[in-house]
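There are two complexes below, and they share subunit A, which is joined by subunit B in the first and by subunit C in the second.
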Partner chain A sequence: MNRSPIPLLVLTLAPALLGLAVFRAYPIGLALYESLYTTIGGERVFAGFDNYLMLLTDVGFWKSLRVTLWFNLIINPLQVALALALALVFVQKLPGMAFFRLLFLIPIGISLPVAVIIWRIVLLPEGFLNGALGIVGLGPYRFLTSPDFALYSIIAIATWKGISYWMIFLVGGLQNIPPEINEAARLEGASPWQRLWLITLPLLRPTLLFVLVADITINFLLFAPVFMLTGGGPRGSTNVLMYEAYKSGFVFGDMGRAMAIVVCLVALLLVIVAIQFRLLSSAPKEAK
Partner chain B sequence: MSGLELKGLRKAFGLTEIISGVDLKIADGELVVFVGPSGCGKSTLLRLIAGLENVTAGQIVIGDHDVTKVDPAKRGVAMVFQSYALFPHMTVRQNIGFGMRVNRVPKPEAAARLEKAAALLQLTELLDRRPAQLSGGQRQRVAIGRAIVREPDVFLFDEPLSNLDAELRVQMRGELAALHARLGATMIYVTHDQVEAMTLADRIVVLRAGRVEQIGAPLDLYDDPDNLFVAGFLGSPRMNFLTAEVQPDGRLRPNGYAADLPSPVGGLTPGRRVVLGCRPENIEITDDGALTASVKTVEQLGASTFVHADCASSVVLAAELRQRWSLKNQTTLRFNLPTASTQLFDADTGLRIRQ
Partner chain C sequence: MPPILRKALIYLAIAAVAFVFVLPLWWAILSSFRPNEAIFRDLFPFTPRALWPEPFTLDAYVAIFERGFGTIIANTLLVAGLTTALGLIVNGLAGYAFALFEFPGKSAVLGIVVVSFMLPFEAIAMPLYSVVSQLGWIDHVAALVVPSVANGLAVFLFYQFFQQVPKDYYEAARLEGAGWLRILWSVYVPLSLPTCISAGLMLFIFQWEAFLWPLLAMPAQQFKVIQVGMAAFQDQYTTAWNQLFGAAVITALIPMLLLIPLQRYYVQGLAGSGIKG
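Then we have the complex of A and B:
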């Protein structure tokens, strides 16, 4: 058995590497490449870093970046916190839990476009929610067409759709914690709150890190609800960078600018994810 | 420190009754071992005492307090789990000090208690390590340390040695016995290992299917079991049982044999079916033995020799001999059951028949 393992390694890794190259590396490379070109009068012209330089002074881009950051600043902590809360409820052994578990899991089985359509019906001025609020003398509110509400409506819909999915990961993480560890803490006199902070959350940290990173990635690249519900409006209040890039490329035909925005978005995302890994995966100081 | 009393304790999960009425009084400072086969309810009983399971019926009294409905943390019990249940993200120091931390014990006092426990358990050098950096025996000691610093009324041990290798188990067994002697604390110890039970216990509680089969000092249970289950459970190899029928003259005829043996108990009704029990070390292998068996295996352990032989009626007989022995398989040997060291049980109820 003196044969080199390298051919075998290459062979077994080839499918994954091929997939990575075709579906990840190639589009990223293409975006990078395209972002260096611009289209003038139907001609593709090499523009160097002009697309990026123009973004620096592009009010629309900066406003969209602000919307994207604000959107993510709210939705990610909200989703992870709610998913964690749901997961903690999910693993309790309480009567009637089977029903609640089913309830929690329904959003996962509904495709995003369907969910968006349902929520649109709920949120329209003459919709279900305004009807309900009307009974207690409130509203009607323009949930999807008012700059004050639209972004939060999208956050609500994306959260409703997303948290059950993240909950499943957190449930898995919670069930990986041996029950005796919590029992031991309970015998030692730790309150449920102390058990959560001192035992459960530290032991759940690897799972939380994964969920947070994956969730942020998805939310930074969120597109469908904006596209289907608000089209970035009203008055740019829901115009996240993904939608700005889409408009730039497919509505206004400026693919160079669109690609430059996408590249900026990906770069931003990489920085955020790197910071998170730094903060969350390193063991605390007393580890040594 | 204080004693503990269980009164008519029952526990059911749904319709399945796990503990079916246990009454037990444990004296202050006593080390009691719950022993029994898997699924006998011994761990559940311990968890009921700890408060990790709710009691279905009955009472638990620790000291003078009825703690049946008291929160686990306020019962004055500390538990050492089979898996140790150490907090993996905390150092040994933080693990041992966890209870004092959440209960806001003043820092100087907490530090003093921690130092004392660490010294007692030889953990001082390891205080800044994490559980993953410790050996099995060291983890075990951390778990015990975490229990000690709480200064509980009652220590509960749930199969604490079963995750250790054989050598370490013997060593930790000795350490636990020494610890009990030094602390003088009331301890309840659950195990399925009868050697642990025999060596550690002041008293053994033998459990089967949620019921107490017998309670007593280890040697009392060994020498004087109340029923077939206890007789068979304690001792390795287990006690030999020969089913027999009482003859008109009061002697016993083992199934499959034409010979009669004297009965250790007089006045039996002829025709009654009984079980004659004899421990392996009491079997006499002699040329004028009344019974015969065919040698199956011979295990030479050096100090003693175990002979396993097929009797009539397909019972396997185990005999422990002091001298070395080498017999070929299938050899027929003759043996006797010395009447004074045999015990008689009813074949139907399994209960001991005493004089």
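Then we have the complex of A and C:
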């Protein structure tokens, strides 16, 4: 290692650090700052914690919070479980697997808005899925315009698009487990099911934790499907906080409320992530 | 369970999953080659002909390019290309500095850089709007490119790679009197080609898939990028199903053309970010 002249350091580090400071760190500070202001007749007025206090009694906010939490309570365990199942299949050494692996990776190349457009037409009352369900005499269902279905349709679309991406990380984790451990357990007579629960999953814990945390972060801030498909409706059933904040700031021009919601959302996210680290990484590390 | 039965079950599961992944895409692709009035034909009652592009026409593709989809693709390629080029230089330099130079507070700064990529862009998109409007960049291409150039994950990928390069290379080049820029250019850059591909792909795909940020930063929609352009298209031509499918197919096709040959590098880059787990 070298002690280096200061100008050299500045030249190499400054562009990246400056970029991160201005476009990552500063916006966080600005969100906190702007959440203390309100706009009255085009004038920005200092409001203290009024924006936050008003959220406390804001029925729309609480309903949106409930939708966000319910959405995340379903989608995150679902995505991680399916991604894990997919990863376990992905690493199987079977004839013809190379072809299937390629198929598993397809949704990674598809952006969420593309997935949304395709699924919107697939899910129409006269669309492909209702046509296919018609074979067994079901439907047609209004997947996107009924308050009973819309949120679950969004969950399905985001899951379809997301699990291959999370699978990649889990495949990486699975490949890091030395095959000798599984081999030894197999010789000792452990069933595949036992090996999964007693060896694979405990050794995969760090990767699982990473995937869970990263997945929750993405899903807490999910925006495109709600914007493109439902606009928060029908009857507020898909109005997640991210969309509520967007509407507040960019449709109704109330940036103070929008920033207060974003701050609450990110704070809530940090709390949930912290709890998860607590629960999952302090657990005893078997077999390590 | 007898091994044969187990194998059959696994194949069945694989086929079912592949089916769910591929079927909507296949329907989208074939529908983009049908005339609009034939999209929902053969579905009620469902016949296998619903899975074949017949009658076949290229009308949808002709129509979306007449409606300016070509410009949108060019815009997005410009934004993504610029971000990738600048991003490789800026983040590569930072990774090089972190790997080779010692300075006080280095590990703290590096830690912050690494943490910064755990916070997704969506979380700061709305306050970032205020930053960018203070800079006067709303509706300018700079609003899309500049904030995305510095990327903690890319810095980390370069740092990780440059650190593994034996220090002897650096020392030897120093002894021969080469300056740091020359060493970087003629020793480190050629070695780091795989990392450049990983980081470059990541930056490119990030821009190609960006949705919320371009939506906020370009309110006049004079300069449209692809995901927002597609969403606007969906609002404008609500029932031009075949054209919507065509636009979706093209939007998915371009990153696929990069990802399929380079998937190894993309996966390595992703896995690199998960290592610390």
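Following the convention adopted for this analysis, the second predicted complex is superposed on the first by the 263 of 288 C-alpha atoms of A that agree within 3 Å, B and C clash if a C-alpha of one lies under 4 Å from a C-alpha of the other, contacts with A are read in each partner's own complex, and residues count from 1 in each chain.
Everything below uses one rule, namely that a residue touches a chain if its C-beta (ideal position, glycine included) is under 8 Å from a C-beta of that chain, and two chains touch if they have at least 3 such contacts.
Keep in mind the model is a prediction, meaning the values are calculated, not measured.
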item: Subunit B versus subunit C as contact partner of A:Glu183, first or second or both or neither; value: first
item: Greater subunit A contact set [subunit C / subunit B]; value: C
item: Subunit B versus subunit C as contact partner of A:Ala16, first or second or both or neither; value: second
item: Partner chain in contact with A:Ile199 - subunit B first, subunit C second, else both or neither; value: first
item: First (subunit B), second (subunit C), both or neither touched by A:Ala81; value: neither
item: Touched partner set for A:Ile40, first subunit B, second subunit C, both or neither; value: neither
item: First, second, both or neither for A:Leu279, with subunit B first and subunit C second; value: neither
item: Partner chain(s) touched by A:Leu138 [first = subunit B, second = subunit C, both, neither]; value: neither
item: Intersection of subunit A interface sets (partners subunit B, subunit C); value: none
item: Complex contact set, residues of subunit B against subunit A; value: 50-52, 72-74, 77-79, 81-83, 85-89, 91, 98-99, 102-103, 128, 130, 146, 150
item: In the complex with subunit A, residue positions of subunit C that touch it; value: 7, 10-11, 13-14, 17-18, 20-22, 24-25, 27-28, 31, 39-40, 42-46, 50, 89-91, 93-94, 96-98, 100-103, 109, 112-113, 116, 118-120, 122-124, 126-131, 146-150, 152, 155, 167, 170, 180, 208-209, 211-212, 215-216, 227, 230-231, 234, 241, 244-245, 247-248, 251-252, 255-256, 259-260, 263, 267, 270-271, 274, 276-277
item: Sites on subunit A touched by subunit C in the complex; value: 1-4, 8-9, 11-13, 15-20, 22-28, 30-31, 34, 86, 89, 92, 94, 97, 100, 102-114, 117-122, 124, 126-128, 130-132, 134-135, 160, 164-165, 168-169, 172-173, 206-207, 209-211, 213-214, 217-218, 221, 223-224, 227-228, 242, 245-246, 249-250, 255, 258-259, 262, 265-266, 269
item: Complex contact set, residues of subunit A against subunit B; value: 178, 180-181, 183-191, 194, 198-199, 202-203, 286-287
